[in-house]
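Both complexes below contain chain A, partnered by chain B and then by chain C.
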Partner chain A sequence: MSRPAHRKPGYHKTNKDLFVLTYGALVAQLCKDYEKDEDVNKYLDEMGYGVGTRLVEDFLARSCVRRCHSYSEIVNIIAQVAFKMYLGITPNVTCNNSSRNEFSLILDKNPLVEFVEELPTGRSSLCYCNLLCGIIRGALEMVHLAADVTFLQDRLKGDSVTEIGIKFLKKLDKKNIGRKNEK
Partner chain B sequence: MTVHNLYLFDRNGVCLHYSEWHRKKQAGIPKEEEYKLMYGMLFSIRSFVSKMSPLDMKDGFLAFQTSRYKLHYYETPTGIKVVMNTDSGVGPIRDVLHHIYSALYVELVVKNPLCPLGQTVQSELFRSRLDSYVRSLPFFSARAG
Partner chain C sequence: MADEAVFLLLHNEMVSGVYKSAEQGEVENGRCITKLENMGFRVGQGLIERFTKDTARFKDELDIMKFVCKDFWTTVFKKQIDNLRTNHQGIYVLQDNKFRLLTQISAGKQYLEHASKYLAFTCGLIRGGLSNLGIKSIVTAEVSSMPACKFQVMIQKL
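Moving on, here comes the complex of A and B:
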């Protein structure tokens, strides 16, 4: 079996189903361990945070993005470069307020929920993909940006779209007061 | 032409790694003091360079040169700093420092969940791969020039 010439050595494709099923098993186990939806959501977010703080380094190493000068540039890079690189999808970006620090990512397709039709009874507040929120939050924190990242809408809960809200809070790094946005 | 030594710092100033190949003169202070001095100096130079720049800054501080050696600097948006001291004759090596970051640090340390971040890298694999990589560089010669 010959390898296509353009493939970078070391980045072979893993079966997507294995990844999606592994994620599902993770959520299922957390549901067994914790009764309350809030707890499962919280731990998914925390695990995602740990992933995000490391994933951001891989992202920067592979994508060579230039410095960003605005929140909207950053969110566009998350949607068009990062999501594409890791999940193969490109969410749409909308800005939710005039002070331009609240944005939404509208997910048309979401590979993580491919095998999930709806949430089980008794788990109506579960944010199935909350790991993603933690990942985004952790990654942004490593580039000195504090943000609240939550699911604003979720198709699994009956909403028409899946929407991740990113709200930038004040900048974290006190040492760099006066410096422009960095990414 | 040669490589003298290499420092790797994280965003909090912790020295993640230090390797030496050809260093004839030591700083005369304990290693911990040396790392702090290096980090503090880099922090000040970066901020000085951006403040005093007569034009809009692109990449920021890249290198400084003395009559005997050149210090090359590379920083990522996450605050990881790669510092390499080479011979004065060596040109810009941003791509080399980026490779050390992406193919060595990220691949072998960051992506390994068992490697804790924020402290000195213990991974022997990282140390030896870094050593082989630096020794393979075109401007590295086994005898200090």
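Moving on, here comes the complex of A and C:
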């Protein structure tokens, strides 16, 4: 079966449950393997990084987005196109500082935690969805953007919303070495 | 909706992750395969519960196997099993000529020695699905030329 080059919504839709359940089994296994929450979080982030570096190609091939000219454009695309394509949700985007390099994605609904009621006992610092942070970080790095991506708030930890913070660091593009003000 | 690509990438990361952490420790190939198979087992149990919520009761073992080959496989891997064989004594062989988790790895005999790593999760998936339908089994897989592979299900009579 060849993949069509143009977008066809629903063509390669796998059952969402498969991904969500697999992710859950993975986190459960990691909790068995690692005692410290930080280790599990770090592992999830690294795995996500590996997924993100490859997923970005799939994303660019399917979505045909045009070249972005600002960080806020990029974050909007991540929220409105990428999240929609892969998870079926559209987080809200907010900009957190005046130099416009720190943003937040506010997730109202999070399909990854559909079957998770609460964090297991003794795992209060577990960032259950840390894979997402790694994915975003890996994907951005493949388009020559360095960013710190972390969970700022997490509903599973008792916060009112789930918030992913994206902080763009200096651009990795060779052309822009020496330039101080990036938009 | 989670796109298939994300699951494939996550699965590949899981396989390489399990083997990477094995390198640093003392574990051999068998333990890694078991880990992946156990994860698949959990997922299979959960999936089959959701899929069969509204389906009618299965008539017999063969009916269940046909369900796995058609509906279950289609929902999970976007296609049906190409060939189902049985000796009517508790052994079933499910043949998939273009197994989704192998198509990106190679087309033929290259990397054949690594194929079993990418099948462990699915073996567990089948075993877990059958387990929640009341069937205890042992599931193994064999590949002679990617992306075709065969899953062998041995029903364990209690």
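Remarks
Quick note on the criterion: the second predicted complex is superposed on the first by the 162 of 183 C-alpha atoms of A that agree within 3 Å, B and C clash if a C-alpha of one lies under 4 Å from a C-alpha of the other, contacts with A are read in each partner's own complex, and residues count from 1 in each chain.
Definition applied: a residue touches a chain if its C-beta (ideal position, glycine included) is under 8 Å from a C-beta of that chain, and two chains touch if they have at least 3 such contacts.
Just so we're clear, the structure is a prediction, and the values are computed from it rather than from any experiment.
Here chain B and chain C are compared by how many residues of chain A each touches, and C touches more. Using the contact criterion defined above for the overlaid structures, shared-chain residue A:A28 touches chain C, although it does not reach chain B.
Contacts of A:V143 after superposition on the shared chain: chain B is touched, whereas chain C is not. Judged by the touch definition given at the top, the superposed model places A:R54 against both chain B and chain C.
In the superposition on chain A, contact of A:V20 is made with chain C only, not with chain B.
By the document's definition of touching, of the two partners only chain C reaches A:P111; chain B does not. In the superposition on chain A, contact is made by A:Y86 with chain C only, not with chain B. Of the two partner chains, chain B is the only one touched by A:R67; chain C is not. Contacts of chain A with chain B, set against its contacts with chain C after fitting on chain A, overlap at residues 54, 58. The touching residues of chain A, counted against chain C in their complex, run 1, 10, 12-26, 28-29, 33, 43, 47, 50-51, 54-55, 58, 85-88, 111, 115, 131.
Those residues of chain A lying in contact with chain B across their complex are 53-54, 56-58, 60-62, 64, 67, 142-144, 179, 182-183. Residues 1-7, 9-11, 13-14, 16-17, 21, 35, 38-40, 42-43, 46-47, 50, 75-76, 78-79, 98, 121 of chain C touch chain A in their complex.
Chain B makes touch with chain A in their complex at residues 11, 50, 76-80, 98, 101-103, 105-107, 110-111, 113, 117.
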